[in-house]
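Let me begin by handing over the structure; questions about it come next.
Read from first to last, the chains carry the letters A, B, C and D; within each, the first residue is number 1.
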């Protein structure tokens, strides 16, 4: 009990700094991938930010683990947080969580349930699509026979993969790129699952309401 | 209250003229893309129609905004209308709304709820598929290495993309064409979501009814 | 009333002959497409069967239309039957209907609701996939740049299209083949909608029952 | 009754040995496909394991059929078991069943209903994806014009097919490979159905709970 409220207080204090750190990490990774030939000074600056923000994520996770009364249960329940610490490029998922928590704290949420799920789906697609494009562009660079030649190709590939369209005009050819692609496909199927569920429920719901409204109006 | 009823009255008056204007805009855009080498007189005629109908959309939006008691709330609630004013090629979406409203005004709608959602999905697919084919054909024309060479190719590409099949025999190669493709994929996923939701609910519902009917018949 | 029972009686008498006629039509079309160089005698034999069965479909539709008290209402309600008369290759859809009706007439159906929908989905996929393969193979034969060269390629293409996978190694290149492909995609999306709906509902349902059973067993 | 409890007892005794046999069969098949040039001694060793485990599956099925009071009903109800005996590469499906049964026997299952379905979906995807990769790699080896050249290509192809993305950069070209591909697509569509159903229901459920929790907190 005491541990839980301490963790909640810690999370409230760290929320904004960690959001900034997440954006900084993404910015540093972007510079690392897209502007490889910076001057040594800048290179060190971005390297410091990369590892500084990563250290911040590790410290945050360690503190929360330390505050929890039963560490094993906490680690198992928050496995996503551990994954994010190991692979900071997945940090956007944590940002989505923070956004969802902020949305739910309001007494009168601005969006309906369906709108919230849709917004989270879009946010996840955008952030993971961006991270995935960066990562795939980096591992495919200079590979023999690569079809992902520019960052624009990587973004295009990410969109084609997330929607499971799969034209096949640009595909990863390295095994690391293919592993990233398989993860993207899995995310894509999950996101389509969310879109399908939300969209169909929202569509049917809204039509039912409009039909009832139209009937009420015709009865008056 | 007063503003709302004034808007409703305005919308009732403008419905048919705006529907005609939407079809005229689509016709003018079609001529602009598919028949580029018309005589100067016809060129001016279609240009006048393009900008005249666009002006009509802007005036309609401005009047509704002016009649609404709280403009900011109205703009936020009807964001689709603003999008349609900025990108008149998305006007078909507004036509789908008008069709849906007309359908719902009848006291005894001809189609069931599922039939209505299906009809709207089909209408959206047809209109957005047609607009998207025109737009992609225009931006891909003459691009080096383009595989969308004729308007038929563009229509074929739109169908392959909307169903997320993605053969990859014809793909956009310019960045503007790829942006259009990403929008088409998003629409495709949403439409598949609608089809999946409607189709499965309708299938299960109809089978349940038939089973009950068969049991009643066997009891007689 | 009188018309309805007369139609039901007519349908009961014609069910088996029409099923045989449907299979004969499919066999004749198969021979026509796959064995083009038969002897003149056989050619005439299969031609007679093709037009004979087609005539049977038209007569059946005409009799039912004649028996119905309100022809316009009947034609609108049974639009699928009219479509099947115009395009006898879609006849398999009517066979699926007959199978569904026979299944539902039993007082104790052998399959659960989900099993029935799944069986119908499979039957539709098999029959329409077969018809579509034949039709696409016929229109793509000899087209310049065609990638559907054998009937095996056509069947492979039909499977790839119905599942919306879309590898793109074999694609139709003629406009008639592409129209067939668009129809196949639409059928594919609808079938996936049925599979998704049935599979998920069945999965969740069966797990719920098993969980309850396991709890009951542990309470004993 | 007596037969049913005898079968249940037999299944309880055989569960662990058959699980080991399944893993051994998969290992032997893996060696057979991936390490074709082993020494004659090892070749015979793996051949013995392949046919020994297969014999174990056949004996298990025969015993259960012998114990059942009505053999025909049992065979029809457990058609998956017969399929697994004929095609032991589908054995993973039986392993998934065993895992599901073990999960459900616990009085307090560790995972929620949605978590269990998700775990089964993942397990099926992994095991069938692995078996399918091995089988496709074997039948495509040395085919003229093959694009699946290494086992890595086969795994990549399996992932692209199961998610129905279908890039088309690696595709089977032999008819046996294409039959395997059609089976993989069918499995892929079913798995996507499961993911879509589970994911959407879980998402909506969890959001509803969080919203209620947030409201309760704001009321305190």
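Following the convention adopted for this analysis, contacts are C-beta pairs under 8 Å (C-beta built on N, C-alpha and C of every residue); 3 or more make two chains touch, one makes a residue touch a chain.
A quick map from chain label to UniProt name: A, B, C, D = Potassium channel family protein.
Bear in mind that the values here come from a model prediction, so they are computed numbers and not experimental data.
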Pick from A-C, B-D or C-D: which interface has over half of its contact pairs in common with A-B?
C-D
In terms of residue numbering, is the interface formed by chain B and chain C classified as same (over half shared) or different (under half shared)?
different
Between chain B and chain D, tell me the centre distance in angstrom, where each centre is the average of that chain's C-alpha atoms.
43
Centre distance in Å when chain A and chain D are each reduced to the mean of their C-alpha atoms:
30
Name the residues of chain A that each touch 2 or more other chains.
164-168, 192, 196-198, 201
Examine which chains touch each other and state the graph shape they make (line, ring, star, complete, other).
complete
Chain D to chain B touching residues, read off their complex:
165-168, 196
If you look only at chain B, which of its residues touch chain A in the complex?
100, 104-107, 109, 113, 116-117, 161, 164-168, 171, 175, 178, 181-182, 185-186, 188-190, 192-194, 196-198, 201
Going by the contact rule set out above, which residues of chain C touch chain D in the complex?
152, 156, 159-160, 163-169, 192, 195-201, 203-204, 207-208, 210-211, 213-215, 218
